[in-house]
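Consider the two complexes below, in which subunit A is the common component and subunit B and subunit C are the respective partners.
This part shows the complex of A and B:
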């Protein structure tokens, strides 16, 4: 197990998949961060030419209220990224300690925790998120809370598996023989060796959360209008697919690039 | 063997109780009370209290949960707040629709994943294509895949109707034209998962001795792949079918909304938007119970087919 973390640091930069993912995410983050200076129009202000096709002024045309699609797609990245990263952070905060304790302590506590975790994983995340979000009302904070709650069991299961494997290694045994307490061993030996898994799972959770929150918006329980939001844009663009297809297709491509990017980052194995 | 299957079956009861209680209590905890949910926060406290009393929502949650479960076991899920028909009446006619596209999507995904990844001619090209398509299927949300398909086949090419539903009685061809895109949309994710699972097993099986024997016998690459490797690699895919049911319901919700299909998933979204507590609760409960049952079924099937894991 020695050097698992190290090989992760060295490894992925040589992988084309990782680099492609990094490029995609870098581009999306940069465009969202610079939306204020890049967008040439106010994303929420209606214009006088609804549903106009792409031209020199509106590169991807305008939506049903005459709003510039390019500007809306640029601004729409912000809530998606915030929700994705926020949910993954919450999911990590809940899942990692539970996984570490279950894996290291083992025994009955582990069995019980894992039964509950497996049960929670089997419940369809989208449906759970749909019902809860509709109940508590869609807002950025609520979506982060709901998606963090839906995704932590997977993190816990992965971390627990890794902790279980590392617990049996010689260097942990040595640490125990040297008189190291459980908390110290978990912090100094188990946690550092699970960081690689935590990092990749973090990226996958971001992908899943953006995927799910876009689906929720599409179903009509996402961030309320007029805030530009990719899933919501696709939802309204669906009615005008024949008139101005970019209205639905542009935000779709944006979601696709973002989710795919995080998926690539998270699925790169050494 | 039988004892093992029995023991696995028994786990359905505690698991089912835990997930249903979790859903019931968390939803009720979040909404305050069903009457409040339906009437909105503007309603007077008296009106809310009155409606809660009428439907028995003012009693302790545990009583309500036990009563709900007891009635549900006899097929009584209450009445819809909006249409006033019984929930069973609302759900039953929609069930075949969801089952049809769900089963078709799973069958299609299984067939495509195993065939596409077993092809031996032009392997250098076909394999990466199969994998690439799998990644697209896994990562892209259903509605985006659906919109892409609608744009391509309905708007640009004009081959298929875009959205809407045509029951069987409107003609077989008409029906098939309307279900084709929804089935493709729904199957994309499962095609992806099944492909990755299948490829891993397929590559491992290919290295086994009996495959070399089959080749030494003089069978062609294609025969070896489809007759010897495929049947021996399909087990993990079958297990995954059972485990994907939850995902399937999630996918059905989005797909049915996108294509305006009158199934259970669409009904769930409608009931959530209309704040129709009884319908929403019934569908949520049915989904979680089905998922628990199917997971156990997958577990049992796996134990029966693969004696190696009968250890515990």
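This part shows the complex of A and C:
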């Protein structure tokens, strides 16, 4: 019986997509964490050979100020990962309680909350993030705050839908029949039954936030220079695409791998 | 079943209870009155949509205020001896009644346990919610309850997850949870409808034993007349949100007075009463009326063979006392009772 059950009911660890995603994220995190010992050059110090093509010293060449691109890509992962995970954490912290309360309590509160959520979702996230960042100024903390604010409505809507469904199950009614209060039922039954969907959404939010923060940097409201970050590197590399294409390509590939990795993690059916 | 209990202690008294669903203004219950004495098993029988489950939920205070409005009264004698009026009771006080004085078991054992916790955790949780016991004692108590419910290998069941158990086992677990706080009244809403007949018989037997041992009263909601006759001291027959006949189980089933009860008895399949014996199933013609458009007069008259035009379709009969300690809601019961 157990053997049969195992063959079709694998955990996420049995899914190749999940493992590939985990490998990609693991590699990116490891490289970013070990940037200090892996990078052979200071990512912010200018060199005397700007825009040199890849060679034995500078494996991916240098940028317009002669800085080593490999070193900059390695260090550039740090703000991206911090922003991605920070924004996803913030969006979960805001979105999950709001979604749970709206879904469980229902009625007028639910309708009001969902109106606000739908209003926020209807504005494209990048535009909203662009406007707010332009207003409060770009910094690592502000980017986390802005992206967390832009992404929480989706989390809230998702959790609310799940809470609504679980609220109607017999085991919740049985918990009420046993004398359970609203807060206790939400904590003991509704929240644990939404954890899988919250984890999935967390991963997708990380991917979205990294992508959007790179877009913001590309549009000029990202991490201020000279701190290396992938979006800003793509933006400056675009001007020199003909002279040293790796300047824009290397950080693009880094963004792609990270986003795809989190996407794989999040989209594995659990 | 409990005729030997000398003192009839009143436990629950439902008086003039009406329930109206807000969304469609349907009156699911109309002027429902009955009482349950301590230690008594009362069966509430009727077709789907007759209001039997709604009655159970109303007693539990589980009809949400935004969903249905209640009028009338439900008075319960609590463990403390206090008489509490449950209609309109504040939610936080109702919570201390639920699970403590009254417990409920549901129809679907497959979905009434949370899939993410082990069975032991869920029983322990129910115990801990109402009793202040150290952790080890809670586990002992949970194992004791599983043993009482005749679960083979209770220790294994304790660590199992709901999906690893059969429907019968899950319903036993649900009953164990409901019994954990020693309620004085158990509302059992078709607890065995989803189970095999053999399992059903075992669970009903156990429920009967537990009920007698604990002196617990049971409101047994069912559409199975055989089960009701087997288990109940008294029977309440519901039709279209009203009680149409009430009385001692043997009386009601052996000599039904209300034509609807008689019809229910005839539409029941019986072994050994085949066509040759002239005892084939005779269904009641027609269907349960739409609660939003009830017929005038007696709600049963369009389906009743004894209905008289000008009387049954005009006057709504009252629930009046009849012989044998019964009550019946029929204008013509004196004329038609053989």
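Note that the second predicted complex is superposed on the first by the 259 of 270 C-alpha atoms of A that agree within 3 Å, B and C clash if a C-alpha of one lies under 4 Å from a C-alpha of the other, contacts with A are read in each partner's own complex, and residues count from 1 in each chain.
Note that contacts are C-beta pairs under 8 Å (C-beta built on N, C-alpha and C of every residue); 3 or more make two chains touch, one makes a residue touch a chain.
Every value quoted in this text rests on a predicted model; they were computed, and no experiment measured them.
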Both complexes share subunit A, so when I overlay them there, do subunit B and subunit C fit or clash? fit
First (subunit B), second (subunit C), both or neither touched by A:93: neither
Once chain A of both complexes is superposed, is A:171 in touch with subunit B (first), subunit C (second), both, or neither? second
Once chain A of both complexes is superposed, is A:112 in touch with subunit B (first), subunit C (second), both, or neither? neither
Under the stated touch criterion, which partner chain does A:27 make contact with: subunit B (first), subunit C (second), both, or neither? neither
Across subunit A, the partner (subunit B or subunit C) reaching more residues is B
Look at A:211 in the shared chain and tell me whether it touches subunit B only, subunit C only, both, or neither; answer first, second, both or neither. first
Scan A:193 for contacts with subunit B and subunit C and give back first, second, both or neither. second
Quick one: minimum Cα-Cα distance, subunit B versus subunit C, in the superposed arrangement, integer Å. 13
Touching both subunit B and subunit C, residues of subunit A: none
Subunit B touches which residues of subunit A in the complex? 116, 119, 122-128, 130-132, 134-136, 207, 211-212, 214-215, 218-221, 231, 234, 238, 241-242, 245, 248-249, 252, 255-256, 259-260, 263
Which positions of subunit B touch subunit A when the two form their complex? 15, 18-19, 23, 26-27, 30-31, 37, 135-136, 138-144, 147-148, 150-151, 155, 162, 243, 246-247, 249-251, 253-254, 257-258, 268-269, 272-273, 280, 284, 287-288, 291-292, 295
State the interface residues of subunit C toward subunit A in the complex, per the touch definition above. 60, 62, 66, 92, 95-100, 103-104, 106, 108, 111-117, 125-126, 129-130, 174, 177-178, 181
Subunit A residues within the subunit C interface of the complex: 106-107, 169-171, 173-181, 188-189, 192-193
